[in-house]
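You will see two complexes here that share chain A, one where it goes with chain B and one where it goes with chain C.
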Partner chain A sequence: MSEQSRIDIRSVTKAFGAVKAVNNVDLTIDGGSYCCMIGPSGCGKTTLLRMIAGHEQPTSGTIRIGGEDVTHARTGSRGTALMFQNYALFPHLTLTDNVAFSLRVKGVAGDDRRRQAKEMLDRVQLGHLADRLPSELSGGQQQRVALARALITNPKVLLLDEPLSALDEFLRLRMRVELKRLQNELGITFIHVTHTQPEAIALADQVVVMDHGLIEQAASPRDIYNHPHSPYVARFMGGQNVLSGTVTGRDTEGRATVEGSGGIRYDVATEAAVETGQELRFSVRRDHIRRAEAASGHNSLSGTAINIEYQGTFVKVALDTGLREEFIIYMQDDAYFARPIEVGETVHAEWDAAQNHHLIGLNNSTGNPHED
Partner chain B sequence: MAQGQKRGPGFYLLAAFFTLFVIFLYGPMLMIFILSFQGTTGGLTLPMRGVSVHWFGDLLTSTRYGDLGGGLTRSILLGLLALVLTTVISLFAGLAFRRRFVGAGPLFYLSIISLVVPGILLGLGISQMFQLLGLRLSWLTSGLVAHLTWTLPFGLLIMFAVLNRFDTSWEEAARDAGARAWATLRLVTIPILFPGLIAVALFGFTLSYDEMPRTLLTVGGKNTLPIEISNMTMTVTTPALYAIGTLTSALSFAVIAISFISIAVIQKRRERRAED
Partner chain C sequence: MSGRSSGGGTRLVPYLQVAPLALFTIAFVGIPIMTLLALSFWQTDGISIYREFTLENYRELFTSGLTYRLFYTTIKFALITLVATTIIGFTCSYFLVFHVRSLKWQIALLLVCTIPFWTSNVIRMISWIPFLGREGLFNRAIMSMGLTSEPLDFLLYSQFSVVLTYIHLYTLFMIVPIFNSMAKINPNIIEAARDAGASGWQILTTIIIPLSRTGIALGAIFVVTLVMGDFFVARVMSGGQAASVVSAMKNQIDNLFYPQAAAMAILLIVVVALLVSAILRVVDIRSELAK
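After this line comes the complex of A and B, so read on.
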């Protein structure tokens, strides 16, 4: 299965007039993996998904599924099935007939296709509603029908366009588990478009972060979270502070010495060649920052507390450090409540040099991080 | 209106206005309906001299009233032809206009403009064109063309309104399931649009059935019903005139009733299928 459902996207561009929704994208998605495409609206993730499904034709480039060039193959004949964002269930057909639709088109006899559709509905726990119309169902149930209708075609690749966005929080978490379980069970490739970071992190084997028609980074969730490629990825995925400074030299361990605002010195292990005098950006995970008694001037930052939010397992403290972006610390709740902070109070923060992560990529846009 | 709340003068003013509106709308029709049952010695105006169905019988048996039966047959045939053509052409034109093809704007205005042009002029133009081409005027050819200039723009406009609520992802879902263009149209697009298509069909028939200005100069030797009736008003001076009014109104209501019933039956059938 794994080789059959592998996807190779090579130099794919989709232009709508002068606008390039997808700009010369290369991407390999392993067969049988769960891939999440994430980015702000208009970043090209949905267009890329629709090109894989065949609902859009690439302006240039090739798309292969299981090694077979499907760039111009007819939709519905390339082994993909798309689950639409609004589900797009046929309002005039019962659930059985909705699910059996692709079999009907293939010319499967009435009784046979209804039996298969019924089995598929049972599989998504909706067998008892087989003769209802879609309008009589709740949102969560409609989604299961859409899933059943997509799966009955025996796809090599299941494409999901923001499948959880229309559900309430409780259902969303339940369906998330369900999708992951289903993918494990079927062993086919899932490509899931979303704009919600926790969803991507929780589900994916491979996260593809996009912006302005380009892939910023495609890697495992752990890599994306611990080693973001650019300031944009760090900000968009959340949980990070992005800082910058000027390279002044190298220390004995080969790390770049970076001087930030206020003359504070940071030691940043570099992942690419840097020159003295150049500007360098790096990120620090918000949950790896401690509170210090005094400003040390070394791998540290001081600021005024402007907002404090209790989050249950940790406390989110936002500091105004005089920079454009707020500096945020996630403090363990016991550490925080041992000595609570008041809004307006000056707070000194520090962290280990190993927490400084060099951001190689140049995309410095802010995205629109969904804070949680 | 919430209980206990006092109705202001505005309410009574508007109520009076609405009553007047209803009287003006249905009063004349009611008058014709009543007068068509005039007694055998009665005339064109009130008072009623007894009640009878004499004038209906007179209408059907007497030869003084021209070719009413033929006019009715022609009008119904023409209406049905206009119904079919308007529905089919409006459907495909409406689907085509969803794509912003080159010249879509001008083409749309060109097809709507025949609603604005005075009908009698349009009829004159069509008859001139037919004569120029050496074709004979006839209700089935030039008459049908004239009717389509009236029914098609309406059909197209209704189709736009219907398609406004049509989600193209239904068609994409059909394609995604492997359906080709024809299967998508037959199994998804047309069934979902069906109630709207009934509306287009109804308009196509009724607009054609009582069309007159465009028909006058294009109908050729044999008249449609509205022209026959119009001629009658100038020659006939008996309540038979009202009898024909009552009959044709009844026919129109019957057409509407049949359509509503068929829509209801179709929906019932769908629900029933959904239940068992």
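After this line comes the complex of A and C, so read on.
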């Protein structure tokens, strides 16, 4: 199964007039894996998904599914099934007929297709509602019908366009588990478009972070989170502080010495060649930062506490350090409550040099949705 | 609950709320129909009307072959017009909704469809005469092209010209409701059908036509009632050769046979009501509109 459902996207561009929604993208998605495409609205993730489904034609480039070139193959004959964001159920057909639709257009006889549709509805625990119309169902139930309708075609690749965005928090978590279970069971490739970071981290084998029609980084969730490629990825995925400074030299261990604002020195293990005098950006995970008694001037930062949020297992402390961005520390709750912080208090923070992660990529945007 | 305590006043409110519409309907629909019904059972000698009960008007109506011929012709006109306006209306709406993607152009083109309605029905109808006549534009054109040596006579003052005029006058009543229900179809639904492997024709027959049926039914009601109630087009465009039910009724009225005309009118109301209920039986407009 896995080779058959592998997806190769080569130099794919989709232009709408002068705007390139997807710009010369290369991506390989392993067969049988769970891939999440994430990015702010307008980043091109949905367009890429729709091109894989065949609802949009690439302006240039090729798309292969299981080694077969499907760039211009007809939708519905390329082994993909798309689950729409608003489910797009047929309002005039019962659940059975909705699910059986693809069999009906293939000319499967009435009894046979109804039996198969019934089985698929049972599989998503909706067999008892088989004769209802979609408008009589709740959002979560409609979603499961949409899932059953997509799966009955026996797709090699299931494409999900923001499948959980219309559900409430509780249902979203439950459906998330169900999607993952289903993907394990079926062993086919799932491509899931989302704009919610925890969803991508929790589900995916491969996370594809996009911005402005480009792929910023495609890697495992752990890599994305620990080794973000650019300031944009670090900010968009969250849990990181992005800092910058000027390279002044190298220390004995070969790390770059970076001087940040206020003359603070940072040791950053570089992952690409850097020159003295250039600007360098790096990230520090918020949960690897300690509170210090005094400013050390070395792998540290001081600021005024401007906001404190209790999060249950940790406390989120936001500092104003005089930089453009807030500097945020996630403190263990026992460490925090041993000596709580008042808003307005000066706080010193420090961390190990090993926590400094060099951001090679140049995309410095904040990851907010585009205004367009 | 606090409303309950004010007693009778609360119970009156719903009646007061329906009163305006109820009074309007009684005054302008109920009373005229009751008058018509009463009149249809009275006697006349062609000079004055006697308020005495008789079934003679209906006996005459049902035993006359003319009645059946009139209804046959009128229903035939209605059905031919219905089929033609449905096909034209569906095609135009389909084009407007699915091929004209921008809302601005959709509205502009729909307005273009209404331009003929800026003049009166009579003018639009009469304007066919110089086009279709023996010496009309069409006959001259095909004769000058050598397609025929004699002018075609069936074009004007015939059943053909009557039906053609009906189609011209009433197609818009079909386009607007079909456009309305088609525009409500979520484009994602069509993509979902394509995603499931449906061809263009299958999408048309399994998705678009079923989801447009409310519009088709509403349009059908307009067209059927308009054609069934017409006498002017049938009279002018047929040159007096084809008679519709209402034009026969008008003759009776001109000859002061009011009770006979009333009986004919009651029968027409019943027939139209049956046709409309047949349409409603196919499509449950009320539940569809409630969605």
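What we mean here is this: the second predicted complex is superposed on the first by the 368 of 372 C-alpha atoms of A that agree within 3 Å, B and C clash if a C-alpha of one lies under 4 Å from a C-alpha of the other, contacts with A are read in each partner's own complex, and residues count from 1 in each chain.
Here is the rule we use: contacts are C-beta pairs under 8 Å (C-beta built on N, C-alpha and C of every residue); 3 or more make two chains touch, one makes a residue touch a chain.
These figures come from a predicted structure and were not determined experimentally.
Asks: Consider chain A as the common anchor and indicate whether chain B and chain C clash or fit when overlaid.
Replies: clash
Asks: Quick check on the superposed pair: does A:Asn307 touch chain B, chain C, both, or neither? Answer first, second, both or neither.
Replies: Neither partner.
Asks: Quick one: is A:Arg132 in contact with chain B, with chain C, with both, or with neither? Answer first, second, both or neither.
Replies: Only chain B; A:Arg132 stays clear of chain C.
Asks: Mind working out whether A:Thr75 is in touch with chain B, chain C, both or neither, as first, second, both or neither?
Replies: A:Thr75: touches chain B and chain C.
Asks: Please work out whether A:Ala53 is in contact with chain B alone, chain C alone, both, or neither, and reply first, second, both or neither.
Replies: Once the two structures are laid over each other on A, A:Ala53 reaches both partners.
Asks: To test your reading of the overlay: chain C has the stretches 5-13, 41-49 or 59-67, and exactly one clashes with chain B. Name it.
Replies: None of the options clash except 41-49.
Asks: Touching chain B in one complex and chain C in the other: list those residues of chain A.
Replies: 53, 55, 75-77, 80-82, 84, 86, 88-92, 101-102, 104-106, 149-150, 153.
Asks: Inside the complex, what are the residues of chain A that reach chain C?
Replies: 53, 55, 75-77, 80-82, 84-86, 88-92, 101-102, 104-106, 135, 149-150, 153
Asks: With touch defined as at the start, can you tell me which chain A residues reach chain B in the complex?
Replies: My answer: residues 53, 55, 74-77, 80-82, 84, 86, 88-92, 94, 101-102, 104-106, 131-133, 136, 149-150, 153.
Asks: Spell out the residues on chain C that touch chain A in their complex, using ranges where they run on.
Replies: 186, 188-189, 191-199, 202, 206-207, 210-211, 291
Asks: List the residues on chain B that touch chain A in their complex, please.
Replies: Per the touch definition, chain B meets chain A at residues 167, 169-170, 172-180, 183, 187-188, 191-192, 194, 270, 273-276.
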